[in-house]
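Letters A, B, C, D, E and F name the chains as they come in the text, with residue numbers starting at 1 for each one.
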Amino acid sequence: MTVIPSIKSDYLGKLAEQGKRIDGRRFDEYRKIEIETHVVSKAEGSARVRIGNTQVLAGIKMDIGEPYSDSPNSGVMTTSAELVPLASPDFEAGPPGGRAIELARVVDRGIRESQIIDVDKLCVVPDEKVWMVFIDIHILDYDGNLFDTASLAALAALFSTKVPMDRFKPLFEKLKDTCPSINDYLQQHPTDYPLPLREPPISCTSVKFNNVVVFDPSLDEEEIAEGIGDVRSHGARLTVATDEKGHIRAMQKGLNGSFTKEEIQKAIKASIDNGNEIRQILYKSVGKK
Amino acid sequence: MTVIPSIKSDYLGKLAEQGKRIDGRRFDEYRKIEIETHVVSKAEGSARVRIGNTQVLAGIKMDIGEPYSDSPNSGVMTTSAELVPLASPDFEAGPPGGRAIELARVVDRGIRESQIIDVDKLCVVPDEKVWMVFIDIHILDYDGNLFDTASLAALAALFSTKVPMDRFKPLFEKLKDTCPSINDYLQQHPTDYPLPLREPPISCTSVKFNNVVVFDPSLDEEEIAEGIGDVRSHGARLTVATDEKGHIRAMQKGLNGSFTKEEIQKAIKASIDNGNEIRQILYKSVGKK
Amino acid sequence: MTVIPSIKSDYLGKLAEQGKRIDGRRFDEYRKIEIETHVVSKAEGSARVRIGNTQVLAGIKMDIGEPYSDSPNSGVMTTSAELVPLASPDFEAGPPGGRAIELARVVDRGIRESQIIDVDKLCVVPDEKVWMVFIDIHILDYDGNLFDTASLAALAALFSTKVPMDRFKPLFEKLKDTCPSINDYLQQHPTDYPLPLREPPISCTSVKFNNVVVFDPSLDEEEIAEGIGDVRSHGARLTVATDEKGHIRAMQKGLNGSFTKEEIQKAIKASIDNGNEIRQILYKSVGKK
Amino acid sequence: MKSDIKLIDGHGKRLDGRKADELRKIKIEAGVLHRADGSCYLEWGGNKVLAAVYGPREAIPKHTQNPLKAIVNARYNMASFSVEDRKRPGPDRRSVEISKVISEALERVILIEQFPRTMINVNIEVLDAEAGTRCAGLTAAGVALADAGIPMIDIPVACAAGKIDGHVVLDLGQKEDNFGDADLPLGLAPRINEVILLQMDGHLTMDEFNKAFELAHHGCLVVSEMQKKALLEKYESVVQPEEVVQDVQPEESE
Amino acid sequence: MKSDIKLIDGHGKRLDGRKADELRKIKIEAGVLHRADGSCYLEWGGNKVLAAVYGPREAIPKHTQNPLKAIVNARYNMASFSVEDRKRPGPDRRSVEISKVISEALERVILIEQFPRTMINVNIEVLDAEAGTRCAGLTAAGVALADAGIPMIDIPVACAAGKIDGHVVLDLGQKEDNFGDADLPLGLAPRINEVILLQMDGHLTMDEFNKAFELAHHGCLVVSEMQKKALLEKYESVVQPEEVVQDVQPEESE
Amino acid sequence: MKSDIKLIDGHGKRLDGRKADELRKIKIEAGVLHRADGSCYLEWGGNKVLAAVYGPREAIPKHTQNPLKAIVNARYNMASFSVEDRKRPGPDRRSVEISKVISEALERVILIEQFPRTMINVNIEVLDAEAGTRCAGLTAAGVALADAGIPMIDIPVACAAGKIDGHVVLDLGQKEDNFGDADLPLGLAPRINEVILLQMDGHLTMDEFNKAFELAHHGCLVVSEMQKKALLEKYESVVQPEEVVQDVQPEESE
């Protein structure tokens, strides 16, 4: 972790007490959000999302595999995240650590528990063969708020994804011998088709430090919340995913600080508002609505 | 490793020369042994064994798998041991090191080579499907003599194990299509039944230091034998598993010291005597005889 | 890495400028090459090769496995190299590092890209079962020029390899039920037969230091080229594999120095000449021609 | 994974007979291990959890030392035999995440600035698992830390609420967790009344969230009393009865 | 793997319409990342590559420090989604080898003796792969190093030539690589005109080698000009236009 | 694994024609490697084993150093091609255990207190395996240590006895090991006559154990003489013949 000189930390803290942020944003205001899809041609779907200077690339690959025994007619999804050292001097090469795993699991739950992917429509041969959806999150440039940038990149990539019927034609031909029931599926889906998706919840993250709660934290703000170099600091992070109806679909508190009930309720409300705005940006970028 | 102050080491050494141990035991005497079975409801069998303050939990899980090609009609057993950091400040998280591996392999050989588990009775579909028995050793509290405590816990857990016919009913139903010969097995075993076992050898461990050999070493005694902090020390450890007939079924010498032939013969005899007593405690706890 | 005293480094450098090497060889001259095959009875093929004091053992094991989907009727080959700590105080136990991986991959490419093994003749049941050839390189004694010694050991081991029909008889019998087409293969190959091989390219390696290029570098010469302890040194290594017709089949440049085009062309020519001589030594040792 | 199982009946009674706001049976014992500096054994419904604390001691490897405070390493680990299908030994992604959020929750309450350059290791072993192990683990860790005499602003405690068949209920059991609508594990520092752990999966309206939060909060306070009782019993077992009364009463009145 | 695909037609035209000595389309952008000390985004045919440089900074772990020079850690990594069949995350044997040969090539050109005890980390991420990624990666690394202001004797550059259907051609595409006869990736320090990376797979006569070497060498020089142009554009975008002209002209005249 | 194979016939003759108390053919050669400080090549029946010693040298990583003595790292490793079915490279649980018991056995005989803070690495490579590799490995390690000039109280040696078809015999071969009743590998410090390695698998009565121990002990003494002879031959090959006679005779008379 980069140590912010305490002078900077004090300055941001003082600003916060006056209701201000160093880049002039309101406490509940996001930096500029940019979404670009179809950025990787080898992937079934992909998107690069920028929130301020933070930049995340998500790619979707699909494969044919076997279903889990307790859901024999459902597709399978997996989310991985790599904090590659390209994105920050603080990220190290090697197998994912606690931070990358928490990120991947929070993004994964936001998609899985909200049932965005209609996995029941990803069955190829009942009991035997289903689609597997691999969501891979690649952090390219790290300036704070990975949770929201990564979640949004995963969503945008999913919305750009085509089920690769043509690429798997040779495998399907082979399967016809052993699994004749595949013909139903092939007749319904003669060619590539969009991944079947439901409405997406949007994740919104805030951090608390010096008793204020700010949304879409920059790296500087995150580092203050993480108490880098400051022993008394107990910052906290809260991610809330909400849907179009304003319902809560996932939450995750992080860091070694705490929240009051009131702070949590306020954060949920601001997450709903921000979520609605971000959902519009997402829809626009993927040509929905 | 904890370093015992040399004053304590010297004191135990002097006591030993006078034929005494710090807790008043004879050289060939065990601490109090307590065995409790059925302690984990998710396991097919389980037991918690205490020898003095040392405490080990063994759990048995079973699964259906494929036999080895050189014994197509026999079940398969596997023993793992974890020296979890819960049990001692000297145990580290991470993949098992030399110590945990030696422990697991000695416990495993004591069971495997003595053919305690009647693996020929664990065949479900000849050549195709057999029961796999997983013995997992979890050290909970470490105050010396892991080999005997872990071996005894594994035995007690095996004696409490029921083959989980009911839990695997769905799989068996599925197998009926492809392996009709499974019906024989299912008719013979309509419901959970005790794991088929033979008579168990009992492992007894002693360590040598200052030219005396003491059984059931406490942690203090083990550390002296391991020569912690003492360059001249060459302690040695000997584990001997013997059966009801007084036959030897497994041996393992450890540590960087040595034994004379006479010491080994004496240790075997004391192992047979102690083994008989411990076997009675085991039988009583599992309701056998 | 052993640090050569700079006095030795300077001495070798000065000799080089006078056109000399410490052991009296010409710049393009190899040390004595000895090849011994059939050194490991458990392996399908094996060879120990000495180039000077460097000694490498290669062993070939074969197994029946599944083909890759893009070459369903071809056998599969894999090359691994272990720099075991037996061979040098600078080699460490553990998973292969960059150096062992580069070595294995260069040896592998020399064999794979030149199609020495006629993998089309290693098909047992089309689309289903093929022979897998495992080439394992074990460094025994390290005194420079691993690339050539390892490549030559792999070749000699391949030439000594018999496809183990007898050892796999039980498996073949079993396969007759599910894959009746195996009978064709078994009729053609009733017993062990030599691995089908084509003509082998030979790898020749040189290093550059103090503006001279020397072939078959000793450990001292390699260490100077690697610039151990010398910040200004930019040594370079070049491996060229050539065939009987004098065609180039593989190249690999290494180390943090550079070559001019002329140096590369000269090295290719010397590699062809040395390769022809080494090929004769190989053929003689394996009884070919 | 959905199913046709009815998780709550017309009378608000759950599969195991509990009412909506009723906890499973909980048993807490402090100081159960000989070697550890502090320890706790906890049964919570079908969950069986052991926690052991070692430290503070010099942090190793050295480069992990913080010159200003102790580092807290909570390690949540499931025994291979604690679940229906045998789990491979060693950490998986789930246990790495749970270890992280529990470590962060504990750092909030431990007076880490009193022990610079040290580490405090909190080992949580799940021996038998039946939904809610992270709450059981954090609760056991709190007792083990207190048993070890580690200074804290609060004894941390945790309890979950959730939604089944559209009803908000306290402390989900295994089937309620598998087939329910939402789970909300809550970790609390009860004295300062602040949230130190919070996760949510599933689907809750704002009203349902408020109700679930209240239930879980209430559950935390109930379990917190059990924690104090367990510590008191351990304390009573090692000191004179008359002394206990004097020493512990003020603690209880807080 | 051989096939019946005709890779070059009677008029010397290749599958994608290129002539034998024609490069794929290349786009280079310097300074594209906020956090890195220097960076480069490069598209080369269907390849998309990002390179980021961090350092020089104190080498860790300490025992890797060299008291006489900087160590250069190039890390070539392919994104899971950059290839037809998803790649497992993390390094495989191929990427370990490529990282090694690129590190060695970069050590040749960086003035490593100016920064003892430090490390210079060069991270190369392949986001989309279509044959020739090691050349694209080394080329992007060169620009990123220059963008980071790391002193070098030369900006390294790379380009491959190869043989398809018996013809020597420049810069193989995916199918040419899969079904061709030989591939010769070449890395160059263009100012001193020395070879810093060289590999070859396949089958070349001495004459073919010479021809392929010439083609690849020519390709390197063309790409080298694009590198300088990209750096110039980055520079122009951050300084006054009039200053640019003065500063950069001498650089171009070399 | 049991079988119907008859391992010993009515005349006490074993499958390979040996008598009950007969060793397989053994060949020992000292000083066979150029780079190692000491080395040994050993053939024992179908086993082929190389041992190489490096050290004493400063122990790394530093935290493994013992201020009072050298640490002995024996590493027993089987080559992938040394067994019937190819073994994956790298240590498995079996080789980790064997490495541990061999390291402990060697620590008994090496004068480790003479070399504080150092490590002595003993690398044992099994190139061809046919039952009894751990005894072959310890025996080869003993010769390699002597060849390296490491001070020892004794040259360690090992040999196994076992039981086949109810008969106690010396030095089990492959099939005897697979289908026999018991195996008892014994490691000895021959001069002080103490047991430094002992393992047993199978089924032995007390009487059988005594008999097997005697056989294995006898085997150790025979092999011990071969070790000394191999060292003598190495010595003779590097010094003047007349000197050898003078120097070595007293050694042999011990």
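Keep this in mind: contacts are C-beta pairs under 8 Å (C-beta built on N, C-alpha and C of every residue); 3 or more make two chains touch, one makes a residue touch a chain.
Being a predicted model, the structure only gives us computed values, none of them experimental.
**Student:** From chain D, count the fewest steps through touching chains until chain E is reached.
**Tutor:** The fewest steps needed to get from chain D to chain E is 2.
**Student:** Which chains are shared contacts of chain A and chain C?
**Tutor:** The shared contacts of chain A and chain C, listed by label, come to E.
**Student:** Give the label of the chain whose average Cα location is farthest from that of chain B.
**Tutor:** Relative to chain B, the chain with the farthest C-alpha centre is E.
**Student:** For chain D, which other chain has the most distant CA centre?
**Tutor:** Ranked by distance of C-alpha centres from chain D, the top chain is C.
**Student:** Of the pairs given as B-F, C-F or A-D, which one copies A-E, with over half of its contacts the same by residue number?
**Tutor:** Looking at which residue pairs coincide with A-E, the repeat is C-F.
**Student:** How big is the gap, in whole Å, between where the Cα atoms of chain B centre and where those of chain C centre?
**Tutor:** A distance of 47 Å separates the two centres.
**Student:** How far is the middle of chain D from the middle of chain F, if each middle is the mean of its Cα atoms, in Å?
**Tutor:** Each chain reduced to its C-alpha mean, chain D and chain F end up 53 Å apart.
**Student:** Centroid from C-alpha atoms only, then distance chain A to chain F, rounded to Å. What do you get?
**Tutor:** So the centre of chain A lies 58 Å away from the centre of chain F.
**Student:** Roughly how far is chain C from chain E, going centre to centre by Cα mean, in whole Å?
**Tutor:** One centre to the other, that is 28 Å.
**Student:** Line, ring, star, complete or other: which describes how these chains touch one another?
**Tutor:** ring
**Student:** Considering touches as defined, can you lay out the ring of chains in sequence, from chain C by way of chain F?
**Tutor:** Order around the closed ring, chain C first, chain F second: C, F, B, D, A, E.
**Student:** Over in the complex, which chain B residues touch chain F? Could you list them?
**Tutor:** So the residues of chain B touching chain F come out as 70-71, 98-99, 101-102, 104-105, 109, 113-114, 229, 231-232, 234, 238, 246-261, 264-265, 268-269.
**Student:** Give the list of chain B residues in touch with chain D in this complex.
**Tutor:** On the chain B side, the touching residues are 39-43, 46, 53, 55, 57, 59-61, 63, 80, 82, 84-89, 93, 95-96, 134, 136, 138, 140-143, 167.
**Student:** Which of the residues in chain F come into contact with chain B in the complex?
**Tutor:** 1, 68-69, 93-94, 96-97, 99-101, 104-105, 107-108, 112-113, 184, 189, 192-206, 209-210, 213, 217
**Student:** Show which residues of chain F lie in contact with chain C when the two form their complex.
**Tutor:** Within the complex, chain F touches chain C at residues 33-36, 46, 48, 50-52, 54, 57, 75, 77, 79-86, 89-91, 121, 123, 125, 127-130.
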